[in-house]
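Chains: A, B and C, in written order; residue numbering restarts at 1 for each.
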Amino acid sequence: MNAAGNTTLPTKPPRNWWLWAIVLGFLTAMTVWSGYGIGFSANELVCNIAGGSRLLEESWPPDFSFLPRLIDPFMETVYIAIVGTVVGGILSIPVAVLAARNLSPDKVTWFLDRNFMNILRTLPDLFWAMLFATAVGFGPVAGALALSVFTVAVISKLWSESLESIDMGLPEAVRSAGGSWLQMIQFSAIPQAMQHYVSYALYAFELNIRASLVLGLVGAGGIGMILETQRANFEYERVTLIILAVLVAVLIIEQISETIRRRLT
Amino acid sequence: MSDDSQQNATPASGQGGAIRFEKANIVYPNGVVGMKDLDLEIKPGEFVVIVGSSGAGKSTLLRAVNGLNQLTSGTISIDGREVPKSGKGLRELRKRVAMIFQDFRLVKRLSVMTNVLVGRLGHVSGLRSMLNWWPQSEKAIAIDALERVGIVEKAWVRASDLSGGQQQRVGIARALAQQPAIILADEPVASLDPVTTHQIMDDLVRINRDLGITTIVNLHFLDLAREYGQRIIGLRFGELVYDGDAKTVTDEDFRNIYGREVTEDDVLDDEVVAEG
Amino acid sequence: MNAPNPHVLDPTKKPGSIVGFGTMTTFIIAALFVIALIMIEFSPLKMIQVPGQVAEVLSFFWPVDMAYGWDNVLPAIIESIQIAWIGTIIAAILSLPLALLGARTLFPRIARIVKFISATARAFPEILLAIYFVPIVGLGPFAGALAIGISSVGMLTKLGAEVVESIDFGTVEAVEATGGSRIMALRYAVVPQVLPEIIAHWLFRFELNIRASAVLGVVGAGGVGGVLLNTLRYRHFEKAAAVLILTIIVVLLIDMISGEIRRKIIKG
């Protein structure tokens, strides 16, 4: 390194080669192991391009005559999302308040609620849908229940963080003026974070619309149920139509929700 | 070592560094005039200080020399060759014209060494530079540049861990590593405290004297301009309103350049410097 | 209900009509909610039944069949992790150049096209993509990994482009002022500044992809979702319980590790 032969240049601090080797080794090993495990093969991909192009031919053009039959299931999807968002939205309020470190009445409640919240978050939406479809039978009610749980998971996590960052001056004043814990939460804590709440609720609604499209794949109602039957019958022209219609609808709903969110916040 | 460095960083004799503006105009898209009918000649090895109030077109002038700002009409030429508008020609020219910025513009997450080597990017193959794999000769040039500004001991430190003055020295070292014919310094001391300001200005003057690199410095402190400049150029609304020797410039001239009385804000507090 | 009371929310707002915006919103939401309840036939009778039904199913979860868990569920979860990993790697490799091209500050014209494509890709839930990939590469995890990869590209491109747009652009100019090309400016000014945050986004996406890959089994694209579907379909609840418990533990663990690494990377 000391090409210039000078005395003032300090020697280059050695790189942490061990760390680099371990990180690189881990990444490579993980990728090779995973690639092997899932049967990754570029070969297969190339060989099956022919089959893929046949599939694409079959999926095009979309079967537009099928469109009228989508309206009812699609509305069902929207209803499921509404019920899920409202029920989940209400239930998420206590969950979020108890999980906020500054508002929770005691450490034990906080700890339990926080872990409850984290466990809710680990399970994907379709798992809840499968569970509820098994418990209450196939149909939109199962979907609405699943989305309620999913909504609690989404809103309470985000909103508890907002609640933790509120100004505690007013809540403490309420407490010292002799107000109860509930009064403090209701009149001084929640109002401060209300705008965040509305914003997260709308966000959850968008996620729910998207999720309720696929709930039908496990029998939990909505447009996904039609998608599942058409897919099982290899009616790919209809599958394409459903997916396109759904995409357009999702984009429209997201646009509306975005507009409301911007107006409110 | 010193012989070595002399060889490394000195521009080869006859490398020039003459700049010539002819009827140069710059009008920005929003209609603001950045440069108006400028005729100016700067000789190789000169140390020129440009003064003027903010918005007078000091930066515009500097950035026109290396093509960061494009002329709307007229020409700029360096050593008789017109500054190209874009492409490989412009990149070739920029290798010989280094720039030092007010806000240093170092990549904070990279080491000082790598920041200085950025000045050598134009001189190594694409593959080597992409792999951050530098020949010893290039590293030697970078080390030499760091020695000239006296921070070679910080070579392996992250740029973000340096003080403002040290960061600007790295900025100067990066410019030196280009082995340029011209150095453009755009308000190089505006973000620094008075003590560091003098150290940086001393560095620039010494480099100009030792290596004969044409140096143009934008300053807004009048006392600094007087103290360090050989030649002072005054700009007002993009127009050249003063061009003369730094030793003979008068307060009247400054009033003329600024279009108002000279105030305390226009000079650097010298007491602080004396203490430092 | 859950809409804000405008008087509490914003005391500076002038008192206007008797029925405030908040009250109106609350009313509309309540009406929509009731209509939706009726339309999906969620009758009061049903509401009373639900807790009992859920409790009944839950009661069958015990005792958990952990033997089934170790022998059948764990391999399926591992497959889900592998799917998520390969999907994330595919998405990371594809999204890095796209994120640079998608940055308004670097490539104003190309950025629009890239952003449009990434928005479209984001609109597809990965499970719908899997529906197309399954017939192409066959039933199994490979289809799942491709679906996860493609659907993640959209989000990673968007987030990455935002990171690139947020950096100090002056350093790009500084590199170009030394005579370096735009590509060299990307290498020396942009990439070093954005890489830590972009890697943090990759890790975060990996956490999301674990959940996404867990459900892909529903359409036959590998992973633990298929196992859960089967155990529930044949009402092997003690086996389903093993699926849920193991999934929760593994996902929590990965979230914790990945979250810790993300924090380290952003700080370092």
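Rule of thumb we're sticking to: a residue touches a chain if its C-beta (ideal position, glycine included) is under 8 Å from a C-beta of that chain, and two chains touch if they have at least 3 such contacts.
Remember, predicted model here, so these are calculated numbers, not experimental data.
When every chain is reduced to the mean of its C-alpha atoms, the one closest to the centre of the whole protein set is C. The largest tally of C-beta contacts between two chains is found for A-C. The centroid of the Cα atoms in subunit A and the matching centroid in subunit B are 52 Å apart. Rounded to a whole number, the gap between the C-alpha centres of subunit B and subunit C is 49 angstrom. Per-chain Cα centroids separate subunit A from subunit C by 6 Å.
Of all residues in subunit A, none touches two or more other chains. None of the residues of subunit B touches two or more other chains.
Across the complex, subunit B is touched by residues 1, 3-6, 8-10, 12-13 of subunit A.
Of all residues in subunit C, those touching subunit A in their complex are 1-5, 8-9, 29, 32-33, 35-37, 39-42, 46, 49-50, 53-54, 56-57, 78-79, 81-83, 85-86, 89, 120, 123-125, 127-128, 131-132, 135-138, 140-142, 144-146, 211-212, 214-215, 218-219, 222, 225, 228-229, 232, 235, 240, 244, 247-248, 251-252, 255.
Note for the complex: subunit B touches subunit C at residues 66, 68, 91-95, 97-99, 101, 103, 105-110, 114, 118-119, 121-122, 126, 129-130, 174, 178. Across the complex, subunit C is touched by residues 30-31, 33-35, 37-41, 44-45, 48-49, 51-52, 55, 59, 75-76, 78-80, 82-83, 86, 89-90, 93, 118-119, 122-127, 130-136, 139-141, 143-145, 187, 191, 194-195, 197-198, 201, 210-211, 213-214, 217-218, 221, 227, 231, 239, 243, 247, 250-251, 264 of subunit A. In the complex of the two chains, the subunit B residues touching subunit A come out as 1, 4-5, 136-137, 139-140, 143-144, 146-147, 152-153, 155-156.
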